[in-house]
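The chains carry the letters A, B, C, D, E and F, assigned in the order they are written, with residues numbered from 1 in each.
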Amino acid sequence: MSEREKRGEKLLRQIDGDKVADNLLEAYNGVAPDFARYLVTFAFGEIYAREGDLKHREIVAISALATMGGCDDQLETHVHGALNVGLKKEEIVEVVMTLIPYIGFPKALNAIAVVKRVMERRGLIY
Amino acid sequence: MSEREKRGEKLLRQIDGDKVADNLLEAYNGVAPDFARYLVTFAFGEIYAREGDLKHREIVAISALATMGGCDDQLETHVHGALNVGLKKEEIVEVVMTLIPYIGFPKALNAIAVVKRVMERRGLIY
Amino acid sequence: MSEREKRGEKLLRQIDGDKVADNLLEAYNGVAPDFARYLVTFAFGEIYAREGDLKHREIVAISALATMGGCDDQLETHVHGALNVGLKKEEIVEVVMTLIPYIGFPKALNAIAVVKRVMERRGLIY
Amino acid sequence: MSEREKRGEKLLRQIDGDKVADNLLEAYNGVAPDFARYLVTFAFGEIYAREGDLKHREIVAISALATMGGCDDQLETHVHGALNVGLKKEEIVEVVMTLIPYIGFPKALNAIAVVKRVMERRGLIY
Amino acid sequence: MSEREKRGEKLLRQIDGDKVADNLLEAYNGVAPDFARYLVTFAFGEIYAREGDLKHREIVAISALATMGGCDDQLETHVHGALNVGLKKEEIVEVVMTLIPYIGFPKALNAIAVVKRVMERRGLIY
Amino acid sequence: MSEREKRGEKLLRQIDGDKVADNLLEAYNGVAPDFARYLVTFAFGEIYAREGDLKHREIVAISALATMGGCDDQLETHVHGALNVGLKKEEIVEVVMTLIPYIGFPKALNAIAVVKRVMERRGLIY
């Protein structure tokens, strides 16, 4: 395992949690074994490993995923990730509120539904 | 002028600068005089006026605009805005670097070109 | 409750029906109580309350939602809304037919499936 | 020339005007001679020739093009087309105003700039 | 039935298989009987019937559908179609791998999940 | 320079030509020196270096860029790239023709305009 890969997997586990990370690393082995490897070595081992604020990176991730739409599972993972790297519940909600004038209500509504689901699962709203 | 409108215009001027703000407030008067008013009262007077971190809001703006594409002028305005609310040059570059694995190289390349243009105009790169 | 909010809620109920409106007003209270409020005051209380043809506005809504994709629930609400403000079944189908050369068959196919579902629920097709 | 093609070219000329139609019919002859033919026979000869309201079709066109973004020339053609089939200046502006809560301010701003340009060229605003 | 329609239906059945083709031809009869007819006569009877390599056309289809997102059913149909016109399992996986740097990991992940599902159903992976 | 980087730069030069490659490698040095490096090492050194058909990869690139829109420069580069790896003029035109029913006429029109421009510059159409 290369340095990039070790560094990437460590960051993946920190941000996504072990369960999501394990699933991801296994999921496409039968059809595209290199897919998860590129995600680990490039997205995490190179980009996320750069000097900088992980909170900012998760704000970017949530904003990009909400804007492109159709990626609710990945958005859910990154709402968890945002909480895992220390963003507060209120800060994550503000990301989606800020998106409204940029991407419109329908896509923002899809995003807030995902945020709500994650917050409920983690017992952060009742 | 309502409270929302005053508050919105103040924030618009703080983030976009007076010159961009003046242009925007005048630009569509002949065809759609309410367009700029909604931008001021809703986007700035309500959303940006919420409690929260303006740096986070500008990271959201840059991420959303780079992801949707085709909005280079608005992206340019918000790269200026990001600097105006205190984000460092390096932090803005990291927003675009983080976008690469989410939105791909071509759209990220468009965004980095806009960032470069703003940095040059402000004498931040040589 | 402000004038905008009253006006917006009345229009929301007229277009979406009371059941959808009630659900929407409650849905995100736990996580983002202002989300529904902005939808009511801005989207309905300001934009939909403008002078103009509500049928045109629902044609815009269906066209925009079908074009962006990934917003089937919102599209479904606005197919109901289109019927509620007086568009005929055939006129709504023509909206989607007109979209084909602009957005392509796959997204138009997703939209026509939503239209079909609504028509069946309202007993308009057999 | 088939019936579909005649019918389509007639509608193309009615909606786009002769100058735009001539340009389009010539433009890609060197590289893809069938491109314009499909546009004429399918988009106009089949879809636009269907029974229904041409004003509605142009509202759909403007909404779809503004939502997808990056198609300013085609949007400009259809703002002209909307006026050519009898939509009033105010009705076209309302299409874009209605789009704001669905697609956000940045894309709506691009669309209103195109509307403004067309209105100025036709002497409808000063 | 016109020549275009016969030719189109034959190609539709070759690429999608009879079961998918039958479903498609029936599905929207109640609401928009012309929808499937346009798909058959234009998309298949005109475009797919052009001289050229059907393998290339299916690579285009998979790339476009993965890039636009939100069209998993249509993508699934065209992964089957790609196999039906002779693309190898490995070549289809490479299409998605090539997409990663262009459209980013999240949309490519959605596409590889569809590819995996098709491969499993056809007993090509275990 | 790592193996990946050497391999990537060689492929970049083969596909894009030396002039485009040189420009790209220099262009963002002042603002984001790692941007071009990731493009070279990941997109070319890892993805394009995989076993498989470079013609297929360029069909994927053109399809993805035409579908996302707003990336005309990158699309132009890859139309050159497609010719450079041996695709025929007619095969590239067929890629865009195939896209019409998937992405609609407006985006396909933007793409055919780029294809035309490249063909003219290379003296392939008159």
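By our rule, contacts are C-beta pairs under 8 Å (C-beta built on N, C-alpha and C of every residue); 3 or more make two chains touch, one makes a residue touch a chain.
None of these values were measured; they are calculated from a predicted model.
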item: Set of chains adjacent to chain B and to chain D; value: A, C, E, F
item: If a chain touches chain D and chain F alike, it appears here; value: A, B, C, E
item: Chain pair repeating E-F, as identified from D-F, A-B or B-D when over half of the contact pairs by residue number coincide; value: A-B
item: Taking each chain's C-alpha mean as its centre, the one farthest from chain D; value: A
item: Centre-to-centre distance between chain E and chain A (centres being mean Cα positions), rounded to whole Å; value: 30
item: For chain C paired with chain E, centre-to-centre distance based on mean C-alpha positions, whole Å; value: 30
item: Separation of mean Cα positions, chain F and chain C [Å, integer]; value: 40
item: Distance from the mean Cα position of chain D to that of chain C, given in whole angstrom; value: 24
item: Junction residues of chain A, two or more chains touched; value: 34, 38-39, 42-43, 47, 50, 65, 68-70, 97, 100-106
item: Footprint of chain D on chain C - complex, ascending; value: 39, 42-43, 47-48, 50, 52-53, 56-57, 59-61, 63-68, 90-91, 94-95, 97-103
item: Footprint of chain A on chain D - complex, ascending; value: 100-106
item: In the complex with chain B, residue positions of chain D that touch it; value: 69-70, 93, 96-97, 100, 104-110, 112-113, 115-116, 119-120, 125-126
item: List of chain E residues in touch with chain D within their complex; value: 34, 38, 42, 46-47, 50
item: Touch list for chain D against partner chain F, complex; value: 27-28, 30-32, 34-35, 38-39, 43, 65, 68-71, 74
